[in-house]
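As written, the chain order gives the labels A, B, C and D, with residue 1 at the start of each chain.
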Amino acid sequence: MSNTPTTQTRIADSFGSQGLMKTLGASLVFVGEGEVHIAMPFSLALSQQQGFVHAGAVTSIVDSACGYAALTTAPAEFDVVTAEFKINFMRPALGTRFVAVGKVQSAGKLLSVCTGEVRAFTDGATAYKVVAMMQATVVNVRRAG
Amino acid sequence: MSNTPTTQTRIADSFGSQGLMKTLGASLVFVGEGEVHIAMPFSLALSQQQGFVHAGAVTSIVDSACGYAALTTAPAEFDVVTAEFKINFMRPALGTRFVAVGKVQSAGKLLSVCTGEVRAFTDGATAYKVVAMMQATVVNVRRAG
Amino acid sequence: MSNTPTTQTRIADSFGSQGLMKTLGASLVFVGEGEVHIAMPFSLALSQQQGFVHAGAVTSIVDSACGYAALTTAPAEFDVVTAEFKINFMRPALGTRFVAVGKVQSAGKLLSVCTGEVRAFTDGATAYKVVAMMQATVVNVRRAG
Amino acid sequence: MSNTPTTQTRIADSFGSQGLMKTLGASLVFVGEGEVHIAMPFSLALSQQQGFVHAGAVTSIVDSACGYAALTTAPAEFDVVTAEFKINFMRPALGTRFVAVGKVQSAGKLLSVCTGEVRAFTDGATAYKVVAMMQATVVNVRRAG
């Protein structure tokens, strides 16, 4: 699917129907050709035992960002499914807001390879720290119906 | 840390202080030497766009299960942090209840390697399907204080 | 493809045509349904800077073992290609002989997930140490011709 | 270790003592601060069953490139060991010459995260295709002696 207004709408609709994204307080903030950003404010509801954001929440938003990035470059009649990913956590997820950036690195007929990162921002600062890096494999699956 | 009642208590306390586990509705169901299980019932609050459980929720519980498994074999004065993991999603996370099983495969002084899987159960059935498999690297870090 | 004599022959022929396996001194030692073993004796030609076997040689044999394991369970008209893998190195590859064991964990129509490990043996001992663990995604691709 | 002439020499010496790099016909072509390149010409001695370069050979050079990249940013008294990596193979390794590029993305006291790619070149052309992408975790280990 090319990155038309239709793609934008389709991704926004899909994102809106993800219960987990709502539960995590995440929002879709950018959809471009081969690149999608998802933001998530800090909340104690997302914490691990030391009060930082749990690796699972960090992972959830960057997984979705990679999947939707892959959808922007998938053929029109296909949906995408994450086959697998690998993620490194470089530092504690400390911040007031997190932005996951997913990018398509290689878009094949069947499989896409995406990379993602999660950036931690602190209120009032423009700089960010990358807290996690992902490399993911996404499968194109023909849409039913 | 050996798998003494103290370890059990320490893990239960740590788990209880994870905001994300509460948000996901997850509970700690087994702590053994080198093995930890975490359960999570299905909820629409955890869904992806097709109504299955989101890969991020599946990942969150098996990441925690692997981390706590590593803690059962870590030296007493150490905490653990997930450095990275890789996870494959073999089928849609369809079921009424999910159990993540994390196991230590190799416990080094500095790094442990764990494997994990997430099992999907359906009410009334005893069989399960493995929906995801993880391989994780966990770091021992000396406790502050 | 089911694990018939034909599969055995097909895998032996394919293995025999891999220049790298010959270069590494590797041999195919077991082909079963969903499981393949490849052996490689120690050689200085495979070393890293400290004289142990290089992670790349260890990886090469377990990648091939996983790929061939996936081939034993792939439909008859399909070949397999490794899409990606993740590998942990738990200890130095010290030994006189290494055996890579690849196993199919989940065989889908399109993708298989395999796990592998590399065992280090020392002459005269029957015990071994696992020096590396792999989790791999293998794609079924329709054979040309 | 900072990227002084000493680092350059140390990496060249280490590379020269890797039996596997010689066996694969690989050479060290660039050492910069946080970035190392390793080249390898095509040879049938490196092939898989279809005549392309085997994923294991591709992986070996990019693993070494990532490890040496990490060494350029490690503290002076430390060596490095690859703890684990993940690699995607995006297309067949077809070409006359391959260059693995390893880069440090995050250099911690204990662990570094590196990314790598393998570029396939064809004689007479200046363009290249990326055939594989790696994300690796490298550990700093204090040098003995």
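Everything that follows uses one rule, which is that a residue touches a chain if its C-beta (ideal position, glycine included) is under 8 Å from a C-beta of that chain, and two chains touch if they have at least 3 such contacts.
These figures come from a predicted structure and were not determined experimentally.
Counting hops only between chains that touch, chain B reaches chain D in a minimum of 1. Chain A maps onto chain B through a rotation of 180 degrees [Cα fit, steps of 5, range 0 to 180].
Copies chain C and chain D of the same chain sequence form an interface built mainly from equivalent positions, shared numbers / all numbers used being over half. Here the CA centre of chain C is 22 Å from the CA centre of chain D. Each chain gets a centre from the mean of its Cα atoms; for chain A and chain D, those two points are 29 Å apart. Residues of chain B found to touch two or more other chains are 83-84, 86, 88, 113, 137. In terms of which chains touch, the assembly is arranged so that all chains touch all other chains. Interface of chain C with chain B (complex): residues 86, 88, 90-91, 105-106, 108, 113, 115, 130, 133, 135, 137. Interface residues of chain D, counted against chain B in their complex, comprise 83-84, 86, 110-111, 113, 137, 139. Looking at the complex, you find that chain C touches chain D at residues 14-15, 17-24, 43-49, 53-57, 59-61, 63-64, 81-89.
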